[in-house]
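The following pair of complexes shares a single chain, chain A, combined with chain B in the former and chain C in the latter.
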Partner chain A sequence: MKRERPQSFNTVPMKERMIIPRQDMPEQDAGLRSTNFLEVNLGLRPEQAVVEAQRCIECKSPTCMDGCPVNIKIPDFIQLICKEDFIGAAKKIKEDNSLPAICGRVCPQETQCEEVCVMGKRFEPVAIGRLERFVADYAMQHGNGSVESFEKPKSTGQKIAIVGSGPAGLAVASDLIKEGHEVTVFEALHEFGGVLVYGIPEFRLPKSILREEVATLEAMGVKFVKNFIVGRTMTIQELMADEGFDAVFLGLGAGLPRFMNIPGENLNGVYSANEFLTRSNLMRGYEFPEWDTPLYRAKHAIIVGGGNTAMDAVRTAKRLGADEASIVYRRSEEEMPARNEEIHHAKEEGVKFMNLVNPIEFISDDQGSVVAAKCLRMELGEPDESGRRRPVPMEGSEFVMDVDMVVIAVGNGSNPLISQTTPEIETNKWGNIVADEDGRTSMDGVFAGGDIVSGGATVILAMGAGRKSAIAINEYLKAKVGSST
Partner chain B sequence: MNLKDQIRSMDMDNIVEMCINQEQQAIDLYTLARDQAKDDTSRQKFQELVDMETVHKVSLKNFEIENYLELPPADLKITDYLMDPVLKDNMTIQEIIILAAKREDKTARMYQDLADHFHFDKKLNTFFQMMADEELRHKHDLETEYENEFLQEG
Partner chain C sequence: MYKIIKAEFIAPNVKSFILEAPHIAKKRQAGQFIILRVHDKGERIPITIADSNAEEGWINIIVQGLGKTSAHLNTLETGDSLQDLVGPLGLPTHIENWGTLVCMSGGVGTAEALPIAAAGKAAGNRVISIIGARNKDLIIAEDKMAEVVDEVRISTDDGSAGRHGLVTDVLQDLIDEGIKPDMIVAIGPLPMMAAVSNQTKEIGIPTMVSLNAIMVDGTGMCGACRATVGGKTVFVCVDGPEFDGHQVDFKELGSRQKMYKKQEEESHKCFLERQMKKMKAEQMKEEVSA
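Presenting the complex of A and B:
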């Protein structure tokens, strides 16, 4: 369907827009920030945001929306920024994305909306992510737009349980509360947000922003229940049969850490990224001693992996006081799945990169603590199925280096609790829940989306899956009412 | 008598039969593991391994040395440095793949050793080289699966 172009408020002549430089995000000084947990990026200033918005050339057929997994009306909100209607712009984004302040910070825009921005073909793309973050923050600071405009619809009397308060669960909650359903979010941990709270450090996503988003949903009528483990505290069957929930959405995420299966992974000082980041983020180890969660201050911490989780872990280790913090990655930097921005920031903060190196054993002292890592050097061979060149060990390249902390960040799998307690729900061989594109599982009334279905992915993809499921749940509930009348 | 001396005293049919028995041992092991596995996904994975070994066993019965193409797959060595998993009823898929890849590696090495040993006998050398390559191909497929799922570093 052809979209109508939004009204233009851009007063800059077309030719001049192309020579406006992309606006840099102000950020904390690298030397200073590597010793604190305050946010690295400081956000665009209002005048910068307007200038950046004026770079948009208002394409007849904009491609930016196609690059967004939740199809935010990007051209529309950019025009509202040109008009300096920042609250209006935030409301426009919230029509499609309930967590813009979060997505503006953690989405990989360079491979989504900004990658397909027409400006990017000849010049630098419009900084859509920075603009999204700017208006979301502005709206928060000046009275949250979505609550003011939210009129609670007439109750349908139908109850939905959402299991997991990560990005997928929050997206479903936001969409279904607007339909008049009773929505309850069950969270296993003692704080809401899932991976956003336990996985992403304060310096990349301040938790106050997440709490604000959760508070907004609460104000809209969503109930939040913490310390509730579905599958232990209560099963899905019990939620539906005993508690009267008409439908259940499973947004459990992929929180089961994977290890390498090499000798020494059980030594003291060897963590999974999941444990290390949870200790620092959720358990506030970064605020020790105010918060009673000690974390080891390493002489040399190595983080094994090359994704965003590895970057979060290595930058956390550095901030916790490690004399030296290194990424150990078995491929080259070109193949790293981490965002360029995260790699760039890590380097600025003094993180060392040991690429084409793979640990094969961790060595202990007589107390069972890690003191060294035995590694192999790798060389790149033929590309694998993902197109990344495959690393192959180099003969005779073995070496040992001193380390006193290791964090394994090679990926996560799905928690088997639901599949063990609800055999009606089909899972694949990796333990992920099998669901159709609208999130329907093999169990009637149960839907699933996000990492528990797709395996580890991005925040916005999980939200996109949640939004699709919300539509399907709504249709399911309408049909349920129809069939019972 | 060691294996190499035994092979010297065998005709080609006996040698093929010996290799078929080797495949059958793997089928028996994976069948037992499948039947003892506690969850569906592990059972499914062991069944895949049973199927893989069964195909190899059947192809051995119908093998023609003339059809052998010298296309040895790359040895990715991904599981070479990993710990040997213990066969138990609650193995993870990760452990099952490591176990199977290590078995394929061990068998490939045995056949490669035999191929090298019988370098003077064209027929035996080709046969054992073919067997080594096939086992290495299985290892390659398992390690590719392992890499795709467990080493994405995302």
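Presenting the complex of A and C:
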């Protein structure tokens, strides 16, 4: 698709742009931050943001937009930053992404927009993620751009139920409220945000940012209902037949923790990552007993896994006061699915990495609490179906180490609640909902997107799926009106 | 906020709450539970629904003040509100006409056994209820139970009512009298359910127990409530709460229930201290105004 190039406001000569260093984001000192739950990254300063934006060489055919799952108009918002129109830049992003303050923090830009940035071929890529975060925060602090510019469209009178208030659901809500539909978001928990509230720690995504984004949607007219479990409190059929919802979007997430099925996994002190992080993030266990929900404060914690969730868990254990908090991962660091930034931050905070190690049993004291982990050392063999080299146990490498807490962070399956209560909706052998590219499921008027369709992925991919579904839902609703008149 | 229509003590430290919950009341079946939070910094705790009324839009829960959250909950009165309330959760009880059904319950478990006994009776069973308690003051719901079942038998640990002994002794009495139960449902404290399951395993009577595990979300997302049943890990919140008592690893579940014993004691102590301060402050205010 050919698109017009945005007007240039970059006053720096082309040759000089390439020698400007990529701007580092200020962050909390590692020694200090490993003892608190305040945000690690502090965000670019305005003058830094302008300098960073000036590094953009304004390619004739920019590739950055293709790297973004929701195709944010990156060249356009970067020029607005050069012009120092930060609110304008935020509005430009919000045309395609309703949650920039969140995505600016948690997107893996290094494998998306920044990976394909032309500057990155010879120099370092433009720090698109940091710029997104900067303008989103700036807009939040200086009057929210999107509400001011939002003119409520004429009501269509059509009702959409969104199940789950995670990234997919919020993206759908944002797009459909702009079309004049009546949008209601149903959430099972007592706070909105799904994985953004129970999964991602305060030190990576402050809850206040999330609440602002939800409040913005509320101000735009989206209704939010908490403590409501679709499938139990009311079924999808009831929502459509009795409550008059014309369409339903399922953004349920991949909410079913996987365990390793090894002996000792049900001992006290062994957590799923979901439980450990939910107790800390949603329930504020780190503020016990001021908050009621208890949480183990371990001396030596191990976290099994190598993804972003494992990094969140290990850094949380460290902040809870662990003398030693270690990642135990069966492959090598090269194969780790976690973002580089998270691995880097964890190391800075004193997290130990035990790579090529796999636990095979957890050992208990006489009270049923975990006191040790029996492990094997691994080596990498032939590539497996994921293309990564398969870890194989080394003979005679068994060893035992003392641990008083274990967090299992080896991924999530899909929550069975909807498939149990709505057999009309087709699921595959992994329990994921079967949906086409635009999110249509096997049940008329019901759409789905995010982790419940794809399996565990990222916030921005869930939002991308949500946006595609929003277009399809809008078309479905238009056709429905057409056929009934 | 979720309104408390009525709150009253029905035994020492045991309070009955009627909660406004039209959606839950409409959907709820025997054996299901809710999760609630008392206040905005509160923990999420699961409680079995004892009764409900779909037309009037309420549910009934019975709470024994054991730890911080239940003690705090039991300070709430008619007209107060809960911070959060969600449900109904868990799978409903599987009910069929087995023939003779014996519902064995201990403590507040009797309130939870009541809807199952009633559903069992409605399905055509002969239903015998065995209610156990430490002493006669702690027996609850005996009258209500008597209304729905064929026979109620009581046991107390101290002999202050009914048979001096445990519910398992009463079951043995039944069997000695020539009554052959076809199905047992046991609901109460974990040691009681374990003892019943042991007893009925030996004599070969199928037994269903309703497990109470520590939970957080209650929808299968966190896995806090896992238990071992028949050698396999289950999530009590979505796979239960009812399981074959002969297959449950009670020892593991018992130690998992005590996982936060130390923290719970600390939290309870903080709560009691705060309550004391509040009472003292109120006392002082009264003295000043007098």
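Assume the second predicted complex is superposed on the first by the 485 of 485 C-alpha atoms of A that agree within 3 Å, B and C clash if a C-alpha of one lies under 4 Å from a C-alpha of the other, contacts with A are read in each partner's own complex, and residues count from 1 in each chain.
Methods note: a contact is a pair of C-beta atoms (placed from the backbone, for glycine too) under 8 Å apart; a residue touches a chain by one contact, two chains touch by 3 or more.
Here the structure is a predicted model, which means the values were calculated and not measured.
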Combined model on chain A where chain B meets chain C, clash or fit:
fit
Could you tell me if A:Arg467 is touching chain B, chain C, both of them or neither one (first, second, both, neither)?
neither
Between chain B (first) and chain C (second), which does A:Arg55 come into contact with in this model arrangement: first, second, both, or neither?
neither
With chain A at the apex, the angle to the CA centres of chain B and chain C, rounded to a multiple of 10 degrees, reads 70
Which superposed partner A:Lys159 touches (first chain B, second chain C, both, neither)
neither
So in the superposed three-chain picture, is A:Ser272 touching just chain B, just chain C, both, or none of them (first/second/both/neither)?
second
Thinking of the overlay built on chain A, is A:Gly306 touched by chain B (first), by chain C (second), by both, or by neither?
first
Who does A:Lys318 touch here: chain B (first), chain C (second), both, or neither?
neither
Kindly classify A:Glu385 by the partners it touches after superposition: chain B alone (first), chain C alone (second), both, or neither?
first
Smallest separation in angstrom, by C-alpha atoms, between chain B and chain C in the superposition
6
Chain A positions within both the chain B interface and the chain C interface are 261, 416
Parts of chain A lying in touch with chain C, wherever the complex brings them together
188-190, 198, 226-229, 232-234, 255-257, 259, 261, 265-266, 268-269, 271-272, 274-275, 278-279, 283-284, 287-294, 367-369, 415-417
Please give the residue numbers of chain B that touch chain A in the complex, ascending.
39-41, 44-45, 74, 76-77, 80-83, 85, 93-95, 98, 144, 147-154
Within the complex, which stretch of chain C touches chain A?
23-24, 27, 37, 41-44, 68-69, 83-89, 216-217, 219-224, 226-228, 233, 238, 251-252, 255-256, 258-260, 263-264, 266-267, 270
In their shared complex, at which residues does chain A touch chain B?
258, 260-263, 305-310, 329-331, 336-337, 360-361, 376, 381-382, 384-386, 390, 392-393, 409-411, 416, 419-420, 427-431, 456
